[in-house]
Amino acid sequence: MLESIVFSVLNGLLYGMLLFMLASGLTLIFGMMGVLNFAHASFYMLGAYCAYTISSYTNFWVALIVAPLFVGFLGALTERFGLRNVHKHGHVAELLLTFGLVYVIDELVVLIWGQIPVDYAIPPSLDFTLFTLFGTSFPAYRGFILCVAILMFVAIYGLLVRTRVGMIIRAALSHPEMVGALGHDVPRIFTLVFAFGTGLAGLAGVMAGNYYITEPGMAFSMGPIVFVVVVFGGLGSLGGALAASLIIGLVTTFAVSLNYSIADLLAGIGLTLGNESIVGGLAHIDLSRIGQMLPYLMMVLILIFRPRGLMGARES
Amino acid sequence: MSDALRLAGVHKRFGETPIIRGVDLAVAPGERHAIIGPNGAGKSTLFNLISGRYTPSEGEIALHGKRISGLAPHQINRRGLSRSFQITNLFQNMTVFENLRCSLLWAHGYKYSFWHLVGRQAALNEAAEQWLERLGLTARRDVLASLLTYAEQRTLEIGTTIAGGADVILLDEPTAGMGLAERDHTMAMISEVTRDKTLLMVEHDMGVVFELADRISVLVYGQIIASDTPEAIRANAAVQEAYLGEAH
Amino acid sequence: MSQSQTARGALLWHIGIWALFALVIAVLPYIFTSSSSISMMSQMGVFIIFALSYNMLLGEAGMLSFGHAVYFGLGGFFTLHAIRAVNDGVWSFPLELMPLVGGAGGLAFGIIFGSISTRRAGVTFAMITLGIGSMVESSANMFTDFFGGESGISGNRVTDVTLFGFSYGPSVEVYYLIGAWTVIAAVAMYLLTKTPLGRISNAVRDNPERAQFVGYNTTIARFIQFSLSGFFAGIAGGLFAIMFEIMTAPNVGLVQSGAVLLMTFIGGVGVFFGPIIGAVLVTYMHTALSGFSEGWILYFGLLFVFMVMYAPGGIAGVLCVHAAPWRAGHLWRLLPGYLLALVPALLAIAGLVAVVEMGYQLSLAYDPSSPIDLFYMEVNATSLLSWLVALLVLAVGIAGVLGAARVVRARWAEVNRSMQASGAKT
Amino acid sequence: MVNANMLEVKDLHAYYGKSHVLQGVDFNVGRGEIVSLLGRNGVGRSTTCKAIMGLVAPHGTIHFDGESVAGLKSHQVARRGIGYVPEDRLIFSGLTTKENLEMGVKKVGAQARWTLDDAYRLFPRLAERADVKANLLSGGEQQMLTMCRTLMGDPKLIMIDEPTEGLAPQIVSQVGDFLLKIAEQGISVLLVEQRLSIAMRVSHRVHVMGHGRIVFEGTPADLEADDAVRREWLEV
Amino acid sequence: ADDTIKIGYIDPLSGPFANVGDAGLKHFKYLAERINADGGILGKDVEIIGYDNKSSAQESLQILREAADEGVHYVTQGNGSHVGGALVDGVEKHNRRNPDNRMVFLNYAAVDPALTGEKCSFWHFRFDANSAMKLQAITDYVAEQEDIKKVFLINMDYSHGQAISRIAKEMLKEKRPDIEIVGDVLHPVGKVKDFSPYVSQIQSSGADTVISGNWGNDLSLLVKAGSQAGLDTDWYTYYAGGLGTPTALGKAGAGHVKMVTEWQENLVEDYDAPELREILEEFEQRYDGIEFYYLRIKTEMDMLQKAMEEAGSTEPLAVAQALEGMTMETPFGTVTMREQDHQLLQPLFISTFSEDYPKYDSEGTGIGWVMDAKLEAADTAVDSVCEMKRPSS
């Protein structure tokens, strides 16, 4: 039991940190620019594919630096030639633009890299066992992921939340033209923020692409859950995103490893339920099968009872 | 009991900060009452309390003797109290006519009906047309509210406030930002359309205040320091010092 | 007197338009007779209803929903279960009215989920709908009796219980059933915009705060509108179920919800008939384009991005911009500019298509070096020359479009000026 | 060559879509001078400011401190040293009062003539409300905030559009004093006003606008004397 | 009037499963080309028309109509039993409503036993062993492995996985009552990114063998997570050889992963099959990176050809009647299209993914499949509940 709890915590933390890598960029963009970047997970996928291509010519460490930069550059182009033009039509238009981009990016990835998963592997220098616990080995690459995620948190926190850039962008959300009239180059700042946010997604892709699998469906499978994290944590709140990532990481992991149903719990206190009635049938469903629904349920509940999310400063 | 509007011991705090600090006020039916006071004294906040946008931290507000504090804005509105906004607040993507018609719907008893066609409700449309005329906006009937000039928007703002048929009207700085000519025009319009109604308004323009109001209350730092006829207020030394300054 | 005359004129005009709409629906199967086009047109009808019901939220009440397929899909499931019940002899209900079962299901769940989600507005509302949509989709795995697991629920629409004696086996009969419902539902939704509820929904969309101060509870207004929209989505779902005789979990899912958002937006949210255009166009692209090219998703995505950037009012929005010059009789003055733009635009599209198709040929094809048929030419994707030519065509096209755009803009300025001048006179 | 005028506007035109709002505006503002733009509602005074600021596309010549600023982006104009206080205030609603003021600062750390403390001293009310979200401020407080926000950017010329709107009479006269004080520091002021009284009190020169053009130019005393202009263009 | 025999290929050609659909299409096209090069069937060329069903059952029904319009009388599909089920149903209804324009559905990979069980249809023929049969093969083999003591079942949470979990328990209990089932987990389809929690469960259960019907990423991620955690169990799978999976598995799978299939390339080393060797080499050369994976597609095409030639016509009813009960020789033995339920009985093989492979590695990974055991066609048979309704004319 202890063993499985320890591992669930470790696994949950790791999954949570990976979620956070994606969520941090989305939080920045979402929270600061008000843009719901539906294509965020697509940039994440681009990061993984670019890292694959770059590392096949050079090595993983070069890819770790270059791929996020390149993805950030693509993000900058997206902002400069896409989002900026639709900004005047409001957030819905921006959101729809990124929504359309999902189709375009995902198809381009297929066009360039094909439909078969690519062989993007963990670098040999990180492919060893860090330590062994209860007979299960803990790979070094996981430790590396944890480190990078923590570094990312610190860096973003120092770089943005505590400087004026954040303030200027929040101001620009209400009256961009006035921010310009006060002497700030709003468009450039927007471009930089979007580039930075997508660059972070790219970095997450570099880190996760080899840990998981680099294939054209990876964006689609990651997209919705990242949204849940960002909303759950509270728009624009980096701390919230971190907390939400960890909570959702842990919850989904525990739901899997604690393979019980409500009926089992009731049986534990001496109640038995047949599974003929609807209630009984519901109660017999394993927690692990509900697991995939839990994050969404959590999101809906938090939005109903606390619309600004876990730590959000304002109502979305 | 017969007061159109009555505030008793109303307090409002935002977090720790008290903004309204014990306001008692009675407005008789048919009275035109003005509230003046320095910036940030809490005039708009008082309006927000009365109209239900905020709930008082303490105290009670009654409309025609019935308690309204704690009700939602739409419930208060249905009991016959309507307000305008300091910063114009219209249905920007609807035409002038539609704006007015929308403000008439509830009063005409349509509620959320989805079985009446608004275009076929003669009484409703007629009433809306009449309001257009009274406001002098007939020529602009089918223009989107967002395309009106500032003065026209203010006029429509007041029109939408009054059209619903409420008998207690709250106007927040109705002439702010208007030129002299528009101001006179608006004043005339206001006094015309609120003839049999109870009017409570906030204004910084002393000309307007002294011309229109029967009584004036002076709100300073969340408290009413004087409430009297215009002449008496003008003469009041405390008011002179707290609000009017040397200019007047 | 004159007012009632214009009112009658307007009424006749409206009846005329809808009669024409019905007539077109009735005549189409005589023009497009193949069974695949009948089935495509049937789908169009279904999606017209679905998109219009979506626009009741997005366009009319300003509610951006990412989970509208829930009501569509559940409506379909209910209908199919009802049809199965009729086939099993448990129940008797005419097939023609089966969509009402779907409507009732959509309405019921619209009421349930609406009472939760419409308490909030804006992005919060959107996220709640996203959450509910995902939850319902994943719950399909748990309630396999109702959703039928991954193979879904299927049934046989030929039930013996009908009003008009058709069997509804042949797809043409189903087409006319769908067509009739399309007209009924579209007219109903059109009239709905003209009711107090419709107006208040607009008001709530524009300025919820003010709506409260004219006596309306914005939550209730949104809630009623949401529930009714669920009703129509359910009708669409019911027809969908009758048409395909199968419902699967993805029908309640996010992809389907996204699709209706795309349709509605591409058609145009600002005008009532916008979603109709969107539904027809997107359904056509979805079925036809995916047959022509592997890259249909890419084309579709590009079209959508293009629309968002340059025609945020959708196709209907583009049409409406031309209404004023048309009425003023100036439309012809814009034509030369458009014609001028047409040629390079076609060139640019051709170039783009060539590039994309050759790309797919290279990366996915059965045999990359086999020639592909492009614009009645045989093109070899492995030759550098064809890439150069395609890119050149694309570049020339884009440059031409940019140039022509300047002309078009100048023409527009001219037309605006003369419209203003004549407007000032009257 | 040092130009005597801080701001020179020649034959300035501007359009909103189809409507030709500014139809050739000419005027200038000297160093340390307070110049008022008067006129009825809708004659285009605010549009003049916006055109100078680059918020509306200007057609014509605008020279600031000897350099042309026509056609620049508004942040570039602002960096050259023009400050703008818009009539609709444009408070940043997500930020606190203090953050709004900080938004005005263009370069952090540079030796500024105007500091937070100056702003608080001028309007103590702002100090009291420093950590409140600015959209919750009262109308008058917001007006004070916008003026100070612009000053934080150390402008050489400040354009103020209807600063006294919604202010209590007592504060109005404070604003007048405030304008005189900043002019003393060598900052030029372009004041767009509705209220004749304050404009006449503080201005060195006044311009009256009508139909998108300047129709009168002179000292306040000249305007005082010219009944015809006042009646025709100002309706007093 | 038709001078070609059109076969409609209905599978995903876009979206997440496009890679698999595309590979299948290439198999068909290639094999059709070979037939045409030999003079076609009854003098007619075979034409394969690819239709993209976007993995959707509804979409597939729509396509069915389209295909009927275009004179297609034979459709084939494989990816997803839910689509297969819809097509069985759709073809059945179509043939009832359009008796003069009938269609036959040739299923090359949808393995839900129900398709030849309670849902069986005269117009449907399955050329892949269904999942119960594959499980029969696995459990037969497992039963012979003395050192297997503890088995863990992990499957995708939908009918395919659920069926495996159910049937595996029954079969193991019967064949090796001493084997303990130490875990039986169903996980969401395609949603799990990190299988570590599941691996922890396997690890703590002390299992020595895992049986899984997972496919695609759900299999690769599972095995990878296991190898990273140092899990030392054998994996008995259905689809480890599926397109892209060997690449994704990489070294993580070597030595541990087994699969049950009707074919893998190295079988040509064990058996004398010159024609197959030629096919696999030509195919691989032609489609760089894609391997000849579906022997059953060749079986399908060969049997279709034989049936048409026997019937002397390409008319669907006659061909379907000829297919019923047909037998055919292959290099691995005789295959039979069982008359009762239209399920093909064919030999199955258990193979291991190993760095020590005879000749052909998989997807250039340097790891290939090695045969462990062969199960004769007759031994794979599992009883069917099918009560076939045959058309009267």
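For reference, chains read A, B, C, D and E in written order, and residue numbers begin at 1 within each chain.
One rule holds in what follows: contacts are C-beta pairs under 8 Å (C-beta built on N, C-alpha and C of every residue); 3 or more make two chains touch, one makes a residue touch a chain.
Treat the numbers as computed from the prediction; the structure is a model and nothing was measured.
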| item | value |
| --- | --- |
| Graph distance between subunit A and subunit D, where chains that touch are linked | 1 |
| Higher-contact pair (C-beta pairs counted), A-C versus B-D | A-C |
| For subunit B paired with subunit D, centre-to-centre distance based on mean C-alpha positions, whole Å | 30 |
| Subunit A and subunit B: spacing of chain centres that average the CA atoms, whole Å | 48 |
| Averaged-CA centre spacing for the pair subunit C and subunit B, given as whole angstrom | 44 |
| Distance between the centres, which are taken as Cα means, of subunit E and subunit C, whole angstrom | 38 |
| For subunit A, residues contacting two or more additional chains | 110, 114-115, 289, 292 |
| Contacts with 2+ other chains: residues of subunit C | 138, 141, 297, 364 |
| Residues of subunit B engaged with two or more neighbouring chains | none |
| Residues of subunit C touching subunit A in the complex | 64, 116, 119-120, 122-124, 126-128, 130-132, 134-135, 138-139, 141-142, 254, 258, 261-262, 265, 295, 297-298, 300-302, 304-305, 308-309, 312, 356, 359-360, 363-364 |
| Subunit E-facing residues of subunit C, complex | 34-36, 39-40, 43, 138, 141, 149-152, 154, 156, 169-171, 244-246, 248, 250-251, 287, 290-291, 294, 296-297, 364, 366-367 |
| Residue ranges of subunit A in contact with subunit E within the complex | 3-4, 7-8, 11-12, 14-15, 18, 110, 114-119, 121, 129, 132, 134-137, 139, 141, 212-213, 215-217, 220-222, 253, 256-257, 259, 286, 288-289, 291-292 |
| In the complex with subunit D, residue positions of subunit B that touch it | 14, 17, 36-45, 86-87, 149-151, 173, 176-182, 204, 206, 242-248 |
| Residue numbers on subunit D that touch subunit A, as the complex places them | 53, 55, 73-75, 77-79, 84, 86, 90-95, 99-100, 102-104, 106, 108, 149-150, 153 |
